[in-house]
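Below are structures written as structure tokens.
The following pair of complexes shares a single chain, chain A, combined with chain B in the former and chain C in the latter.
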Partner chain A sequence: MSSIADGTGRVETRPASERRSLPMTARVALLALSAAVPLLFAGDYQLRFLAEILIIGTAVLSLDLLVGFGGLVSLGHAVFFGGAAYAAAIAAQTLGADIVVMLAVGIATGMASALLMGVVVMRTIALFFLILSLIVGQIVWEVVFHWREVTGGADGLRGFPVLKLHTGFATIPLNNGVALYLAALVLAFAAFFTARSFVNAPIGRALLGTRERQLRMSALGYSIPRIRLMALLASGAIAGAAGALYPFVNQYVGPNAVHWTMSAMMIIMLVIGGVGSLYGAFIGSAIYLGIQTYVSSYTDRWQLVVGLVFVLTVMIMPKGVVAGLKAAFGRRKDAEGRS
Partner chain B sequence: MSAHAVPALAIEGVAKSFGGLKVLSDVSVTLGQGECLGLIGPNGAGKTTLFNIVTGFLIPDHGRVAFAGEDITRAKPDVRVRAGLVRTFQKSMAFPELSVRENLALAARSRAGEGYGWFGSRKAVAAADEAADELLARAQLRDRAELPVAGLSYGEQRIVDVLVSLAMRPRVLLLDEPTAGLSRAEGEHLIEVVRTLGEDLSTILIAHDLDIVFGVCDRVAVLDLGRLIACDTPDAIKAHEGAQAAYLGASLGEAA
Partner chain C sequence: MGLYAVQSLNALSFSTLLLLTGLGLSVVLNLMNFVNLTHGSFFLLGAYVGVYWLASGAPWWLAFPVAFVAAGLAGFLLERFPFRQFYARTHLMQVLLTYGLSVIFADLMRWGFGAQILSAEIPEALRGVVFIMDMPFPIYRLFIIGFGAALAFALWFVIDRTIWGAVVRACVTDRGFVETLGLDTRRIFTAVLVISAGLGGISGALGAGILSAYPGLDEEVLILALIVVVAGGLGTFRGTVLSALLLGFAMTFSKVWVPEFSNVVALAVMAALLVALPEGLVARKVRQV
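Entry: the complex of A and B
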């Protein structure tokens, strides 16, 4: 039986053939095509910007596993992402910046931070989870901020070796917009399918169950801390993979990457894009970073615009921009159909 | 039940207070292998609290609970469930938006130790779905498998609730008012489902419908104000004065 995460966490019980949508191959082809468009029209700067959107979007996607499917709103998520970014940046200085090594370092760091976080928070929910994750996150930020010899303190780290992909034939440097964009694209797709397989697997159904009815899940023999810990580890791994590439886009990583405001920004992106939809993470990331980048060149008050978009999303399209637009257009189509 | 057999469940001297309120005091009762024990008493007598203690949602202040001879007084709820000590709740606890099959499969996967699977869990998922369908077929609800639980009639929902607990393959099943809100016929059908589908099952049944309790249970325990005032065969309980008094003059004999 197939099932799809549709934002409410409901299981699609109809067989795939009955769903009114494009077949899988056509969808993938369409996505690949639209992903190729920027390569034709965007310059180096825009491609780096798109890479950043995809990387941050991947981190937000990992947050969606916790928030959308586990009901666990974390204000410490930046630790998984930023921690991995620092780990990769530091490792690159001694090991060199082989992308496979960077990803391994990032994933390991993300999972280790998730484990640390999990030990503290896995038995808590709601407000307690939020506050505890915030505290763990800020402890990590303090460490990063004050450990100047390793992390560069308030200045952060910059000037890394060139990110490289070693293939059997040649070593490809990933230091231009096109290469970074493609690397981020592969990351985003891999993360999306990893998250989707998690959500549709027994563990994902169990995680949804803990969001809806904790008591019932215990009565069914499920250990809720164990489910939460697994979700945290999966989330940490994905966030860590994203974090590993992050320093190489702008050749910089600073303490803001682990600060709680980074976590809050990810939550805002997630809400704008659509909680529980997985792909909404990328939409939200694009809207937020788009406003930040393009509106801030007109006014310092760009955060006001973000705030407005956030409030409007919550009020008008509580399931996120994409679901909201879909619903709006769907309704219009239905109306046309009737007339 | 032979005198030497280890009881399926033994509750010994259990007491529980919430603040100054004594909800259970010194309750001892055993459940024999394969036995069906009725648990009756007025509202607030402590029936559900006793279930909560047996299933680990509450820890008693005093006393112990033994499952198949093993002390489980402080074991976590999910550990007890996986060992085969399963309960239902007064309110239907199925996931209303999930299909009937998904609800049963969630339980079956937990039972099979596959509840946390991620990669390569396709086989386990298929096996759980199959187990779910088999149970549904035996309960004559196979045609409901694809429906969300919320789309079923109330009576069917209560049966699905019981089927979910049976999908855990319990050795001891605690049923907390499974027949509440059901017609006599529906209630009897539900009990029939439990009896035919639960193999080697020992049960404790809380129900307000005394006809059902006296009709299906081997013994009946009467709780009143947190005390066990009687535990005997249905006929003996019907004649028991204290039990009658607990029901405020309602003649238990007449009810049957």
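Entry: the complex of A and C
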């Protein structure tokens, strides 16, 4: 049986700064500049939409740690994200929606559910891992869906306080598009750099090793379950942080956030953006949510469009849109020429 | 006592449906090493065909062959393009391709058949109930058990006991060798996929009598079938039968005992099974090195 994980493309192992010609500071400045552009031109609705893209993109990024680097294709990832979203929304009712508290609650919930998931799925790989993570996810969904007193059941939760930032002397409410966009932006950057340092750290290298040569890694004395658990915890923490902000974008969280179709949607985003490229997660989520939001205003058949885009990506550009376009325009060639 | 007898029969009829659907999936997975997540779409297509056929007034028993042909035809076309290009790819790529296709089909069927729940008109001959220990039990469910078991047995017989089955199994072991014997393995694979899709269609037509047909049924069935196949263990017929029975009984009896959290209990049973036996109920012996 071939592994479900291999063949997603080798992951570039050098830090990004060595590969590109632009110096680090210039790239950061460029990114900051392009991140500031929407603030000038976009309205409240578009900024909220961008915040949603960034938040869900962060969750997809955390999934990329598992799929792209660990070869662990999980269909239960929505548990980390949606579970943290519910935890934040519920905690906000009693603790107040201080963003720091919310992030702490979200990260703790994400890691706790990752630990739970890790303990359950520890011994399985490939298809068995996929199905077991799916089952765990569906169990959580069933509980969320039926536990009306706490989760609101099918209606979800509304009417919790708006997100706030307590600085030393003033309390800033984060309930408008600009503030939410900025908060999501900070989250996305922090998550990106956390994920990147995880991948470049020895634990990240070891994770790649377990994907590529499981037997050889065990022979070298690595504990594969431990490495996978660490990856799950890191992924759960990032997904949890993203989940903590998610309810506050629309002041609503519903059971769909933990449903397996949410996990499947994240995988679709990941593949469209490119498995194994961390920034691809945001591109994938932008493309998917863009289709969902803008095509659905023209036709009811937006799922058809998403499906077609996804299938075409898998068939034509299995490494994702960015890598596919790069290959098409020949930039790949000079990158290889230098190495 | 009567209640348990009737519930056991209920569980058995549901297990039979799960078994038939799961077998379609596992035939392709085990014989062709191909993960086909469009199988739920074949099921739903068969269910819609069954509903329309039974409502049309044509001979009712033809509904099942017709569902087989309709889903089989869909499978045939899909096999030509794009499944064939993905046989040699990894499971992940196959999962992605076929899941994407199932999203497309789900939306196409919602477009074509509408979003409402269509329930099947059960034919005259199978309507009514029989009394088992003074408890009524629908005849249609008995029909599902009988027909499904016969189909499953036939499939097992063909694959395990006939020369055709031997040829297909030989293709899995060494495709090149079968080619040198002068057999066109591409056509063999096409045939296996058509049969698998057709089985999905028949299961759908059978299931329409108790589950109806509606958008979303494809995913529900697909997940249950996947759980059955994987929890049973890859590459075993016996394992699939056992895990279909386990899931069918777990789902039925948890509805009796803990109606509020029935799915949680049933899913937890399957999760516990996979935690205890990570390779499924009946594991294939695989050498590590």
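Everything that follows uses one rule, which is that the second predicted complex is superposed on the first by the 310 of 339 C-alpha atoms of A that agree within 3 Å, B and C clash if a C-alpha of one lies under 4 Å from a C-alpha of the other, contacts with A are read in each partner's own complex, and residues count from 1 in each chain.
What we mean here is this: contacts are C-beta pairs under 8 Å (C-beta built on N, C-alpha and C of every residue); 3 or more make two chains touch, one makes a residue touch a chain.
Small disclaimer: the values here were computed from a predicted structure and weren't measured.
In the superposition on chain A, contact is made by A:260 with chain C only, not with chain B. Of the two partner chains placed by the overlay, only chain B lies in contact with A:222; chain C stays clear of it. Using the contact criterion defined above for the overlaid structures, shared-chain residue A:299 touches neither chain B nor chain C, since it reaches no partner.
In the superposed model, A:213 lies in contact with chain B only, and not with chain C. Which of chain B and chain C touches more residues of chain A is settled by the count: it is C.
Touch criterion met: A:205 reaches chain B, while chain C stays clear of it. Judged by the document's definition of touching, chain A residues 1, 8, 215 lie at the interface with chain B and also at the interface with chain C. Residues of chain B touching chain A in their complex: 55, 57, 76-78, 81-82, 86-87, 89, 93-95, 97-99, 101-102, 106-107, 109-111, 114-119, 121, 124-125, 128-129, 146, 148, 164, 168. Those residues of chain A whose C-beta lies close enough to touch chain C in the complex are 1-8, 73, 120, 123-124, 126-128, 130-132, 134-136, 138-139, 142-143, 146, 215, 260-261, 264, 267-268, 271, 301, 303-304, 306-308, 310-311, 314-315, 318. If you check the complex, the residues on chain C that touch chain A are 33, 35, 82, 85, 89-93, 95-97, 99-101, 103-104, 106-108, 111, 219, 223, 226-227, 230-231, 234, 260-261, 263-264, 267-268, 270-271, 274-275, 278-280, 286, 288-289.
Interface of chain A with chain B (complex): residues 1, 8, 10-11, 13, 197-198, 201-206, 209, 212-213, 215-216, 218-224, 226-227, 230, 234.
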